[in-house]
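Each of the next two complexes has chain A plus one more chain, namely chain B in the first and chain C in the second.
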Partner chain A sequence: MTTATTANQRSAQTGHVQRNTVLFRPGVRPVRISGFSTTFDVRTILITAALVVAALAVAWWNMISGSAGITATDTLGALLGGADEGTSRVVLEWRAPRVVFTLLGGAALAVAGAVFQSQTRNPLGSPDIIGFSTGAYTGALLVASFGFTGLLATPLAAVAGGLATGVLVYLLAWKGGVSGLRIIIVGIGVSIFLGSFNTYLMTVLDLEIAMSVATWGAGSVNDITWAHVLPLLAILLLTFPVMLSQARNMHLMEMGDDAAAGLGIRLERVRLVQFTCGILLVAVVTAAAGPIAFVALVAPQLALRLTGASSVQLLPAAAMGALLLTTSDAIARAEFLPASLPVGVITLILGGGYLVWLLVSLGRSRKAST
Partner chain B sequence: MSVQTVYQELQPAQRVGSPGRRCTLIILVGLVLLIGLCWISLFTGSGSIPAHRVLSTLSSWAAGDLPSGARDTTELLILERRLPRTVLAVMVGAGLGAAGVVMQAMTRNPLADPGLLGVNAGAYTAVVFGSAAMGVTVGAAHVWLAVVGALIVAVSVYVIGTSGAMGGNPAKLVLTGVAIGALLSGISFAVTLLQPEVFDRVRFWSAGSLQGRSIDELSAVLPFLAVGLFIALLLPRALNALALGDDAAVALGARPGVTRLAGLAAVTLLCGAATAAAGPLSFIGLMVPHALRMLSGPDHRWLIPLSLLAAPVLVLTADILARVVVAAELPAGVVTAFLGAPVLIWLTRRKAVKNR
Partner chain C sequence: MAAGEPGTITKGQHMTALHTDPRLDSAQAAHRLAAQEVTAGYDARTVLRDLSLHVPEGSFTVIIGPNACGKTTLLRSLARLVRPEAGHVLLDGSAITSMPTKQLARTVGLLPQTSVAPEGITVADLVARGRHPHQSLLKRWGHEDESAVRHALDVTGTSKLSTRAVDELSGGQRQRTWIAMALAQQTPILLLDEPTTYLDIAHQIEVLELCTQLRKQGRTLVAVLHDLNHALRYATHLVAMRDGEIMAQGHPEQIGTAELVQEVFGVAARVIADPETGRPLVIPKAPPER
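Moving on, here comes the complex of A and B:
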């Protein structure tokens, strides 16, 4: 966008180019169908496609690798319905839900992260940092301490806890407007506070309940079944088109509230829709697999760097998220490790490393420019 | 209005609020609190030991009547569990409090804290690695590892967090600390999950607890803490000069480079040793300097000695609370985080993070 404006200014100054001609960045193709028009960035499309292919390839690797010694042809046979009962149970009941969940869940987390980052105008404004995951964990623990556990109670409590934490952080950071950095530091504070509260709750709970909640709290996809995948798929189908339809308004809002309002965008409505969809997506993944760290933070930023776009975009972010979570899962259950790790630990290491790199490169780019 | 009248008008007010008097009062209150809490700490615990038994044990120990071979279970509990634990709480508290003051002064950052800036996580990760690679358990090597880990992380967080875009912003330093801390905690979490025997060795102090510390561990970390505290006590004047900015400090005859180096040494020794002894305890170094600055003003000649008094009070309180709040003991680190996080939020709201 900046390139186009400067080019326009330059042409206005020199007068070489006729007025009213819109200049596009190299690699951007405009498409007009009767009254409607849109632009396609060739590089973005290519990179998104490459990311999708990579994610699917890793997903396929996750399908065929594992301790059961099932080959690629066996897997294919099981998927097509022509394998013996044991093989098809391993493939269809154990591996397939997990693989589909990592693909969809990664995409969902990344899209939610992109929305949060866009709305807070800060790469660190992701649900992890704002304390959503810790709050979800607190909700699950609280409900467990009252004696409710199960397929329905834990997820619902997690969603409620996450939402309440999000609202709390927002209110605590509110001081005549929400500054990006303040919301992040307040979020870190609330996370640490709830984290210690969680540790306290763990000591109060019965050992068995505490153990089952603790497994959930590490962020693991080990116990994913189709019953977890279907709600995720439903929410994703419901929210993703809505979010995509608002993406254009979202990008305009990144220029600042006043400018966006001047362009006729109903700010609060877009914000409410995007935040609600984002929270729903994070909640449904968190409810099934526990808090998976940092995918929402890292995936949109990595996609942004690869596509070279001016701000976070939903589709490349989704593809990146799917690739990131499937790869983390592949590493987590890789055979060279003596024990299977929760996928949340891998994403924590990858995400933490990326965050450090982000802060380092932030320093370097400034030095180079001054 | 002449200069003299202004002076005369100011004088009584200054005398009432003079830092010297107030600080003397604070020191007195602090001493009373500290002694009282030490006393409580010796008398509370999971076993129900009657108070007179504790008293008789302590008095006969003080008189030298109790050689280590001739102690019964109760005497063992008091002398080898509660006594080291209390002494350790005081030492660790003093170390973390002084480290917090020095850090906040050096970085001129109100949000600096050894826990928030990832220094404790660095010490922890180094010990986990040492335990995984070399089978280190307790003793001097364990403390050295923690100190080295603290040093590496302190330097890298400072370099990354203060350079480049938003380099002067307090929040960026905290973010860098949190990012490095998250990365390190992920790595050490993975290591402990993959090697259960390492987990077994480190789990007792991974949450930040003073439970079950012995005389051996106490004597292993004491020299490090002592050297760190000695350096910190030499620094107040230099830190006061540094608070005015590097240029003004140089003009006043201070050497900011030397001060920073000495401060770094003090922070590293104190945080490394405190973490080696008690595990990662967060927020002590954040809360104590702020509370004291409100009471005594920004003069480091008062702040550092006062922190040596106030921080042990806080750690002892957290440790005693951790013992009595629930049936099974809570790690003291949980209590300090529970108390400290609201302070962080309050500071953030108050002034620390400007809208940039």
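Moving on, here comes the complex of A and C:
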């Protein structure tokens, strides 16, 4: 260790530097297998696994509970193809798509939220806060005002409305590049404008049409079928690997544009890829179930606090999102039997509480630091 | 510094072994990084006008000048964060705009004026981010990454802090961590934008001594500094700017005159020999007593 003692006066004074000291926090270990190398964090892996197990447990509970009086054994039998026709229909065609949708949809919303929060460098920067959901609602209301409602028109209009809002916010926030804070502020502004426009549209619509759109607008998974699940699965399989591959670039961008660019990151390309993937995910969930509030906002931040990581990570966020949405659905179904509340109402209540807490604690830490 | 001298020489040989690029040792390549008649700015506002600068190889080049004279814009242009409206920034003779981003990031490192450490990130995590240009999708943490990070921590004296959260550190420790991140990038050229701002005098000197050490190890450094006397003492090449143009450049002992201070900053000053180093020392004149 002669080089270590000459390396630096400070370390020479305090004793030589040991090569095998803990470099990162405890529990972070390197893996190196021939050409592949990375680090992994034991805590993050354990927590993600625990969240996945919890989400699957709640999902299973959702599969076996309900007013049809179907037992766990019946459900298992139906899944394995050995149940009577009635039970099979309830399990495979009514319950299973809904349960799978809450798992995948929750994950999709959470991943989108994580990307938005990372790119805007702000825990408030989620698609629902910055106007996407409001825009989707505007799209649905607009086509309804022309007399189109139903299975195809409302979702398509919602996606178009959400995407248009996303593009509008991006363009309005553009000033030789896009800054996170500007996106949030422009998004909130556009959101407020569209919100009042939505209220106006509701007042001029026929009562019946207004009610049907409002049901959709509350965010409900009651009518989910496999036809809703498949597009979601396809979009997830398409976007999630891309987002994961960009996750590291995304995290480096949290240090500021100059620092990230100095490390060789092509800022606008990463931003475009991540925002596009995020918006696609929110769009496909919103199209099927209506705007489900707050999952995108809450899940990444809860996962972040559990893992103790320094920035929002996609996999733990996805697991947390799946758990949140299945749990919300369980509450929506169980507490109000035999009727089923829109799941969006539950996420709104849970998420609203979280938002108030977040704002209060953000305010506190700002005060403490000044 | 005398006690550290033998150490830095050993270190210097070590560093030369790391960078086997023959151009580093070649006497012909007097510079690798240069700005050629660069005009640059933001939106409609032009900050740099027709500016040319050759960064001497192996120098500690310091850019000085009054506020808003274009120092930072020049540094950002050299790092390709600002695209020139006219002219080129050249690295080894070719325009940096045509270089792949990661390749540029393996040659030119940058310590920006303001960077944000993500909440709760540890020192080692932050420094490890400097390895990004050397990593790929599959090669995310090789042995060379680890040794580069450990080396950067050693050199900046932050090894003992490696598991601490960056936001808990003192200003000086934090700045050393950011410098360590830039060092982990292992670039032969390092650009620093006001690396001593917000630091007390002890930490300022510490950072500047570290820069000198890095230069002796064979790196080329370009820094923007606000303190004129620090610039005069530590720079091997001084660049004085005003209104987006270079007023003078050269060794501090050649260009560090009262006339230059008057011309660049509009301040009447005496220049005496620094009793410690013999370098020029600027002392602003007191206003006449009434």
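Please note the rule applied: the second predicted complex is superposed on the first by the 309 of 370 C-alpha atoms of A that agree within 3 Å, B and C clash if a C-alpha of one lies under 4 Å from a C-alpha of the other, contacts with A are read in each partner's own complex, and residues count from 1 in each chain.
The definition used in the following text is that contacts are C-beta pairs under 8 Å (C-beta built on N, C-alpha and C of every residue); 3 or more make two chains touch, one makes a residue touch a chain.
The shown structure was predicted, so the numbers you read here are calculated from the model rather than taken from an experiment.
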**Report entry** First, second, both or neither for A:186, with chain B first and chain C second
**Finding:** first
Query raised in the report: Does chain B (first) or chain C (second) touch A:359, or do both, or does neither?
Result: first
Report task. Using the touch definition from the top, say if A:254 reaches chain B (first), chain C (second), both or neither. Result -> second
Report task. Name, in rising order, each residue of chain B that touches chain A in their complex. Result -> 111, 116, 160-161, 163-167, 169, 171-172, 174-176, 178-180, 182-187, 189-190, 193-195, 207, 282-283, 325-326, 328, 330-331, 333-335, 337-338, 340-342, 344-345, 348-349, 352-353, 355-356
Report summary line: So, in the complex, the side of chain C touching chain A is made of residues 3-4, 6-7, 10-11, 14, 42-43, 76, 79-81, 101-106, 109-122, 124-125, 128-130, 132-133, 137-143, 145-146, 149-151, 154-155, 157, 159-160, 162-163, 185
Report task. Quick one: which bits of chain A touch chain B in the complex? Just the residue numbers, please. Result -> 124, 172-173, 175, 177, 179, 181-182, 184-186, 188-190, 192-193, 195-197, 199-200, 203-204, 293-294, 337-339, 341-342, 345-346, 348-349, 351-353, 355-356, 358-360, 362-367
Query raised in the report: How about chain A: which of its residues touch chain C in the complex?
Result: 3-4, 6-12, 14, 17, 19, 21-26, 30-32, 35-39, 121, 176, 245, 248, 251-252, 254-259, 261-266, 308-311
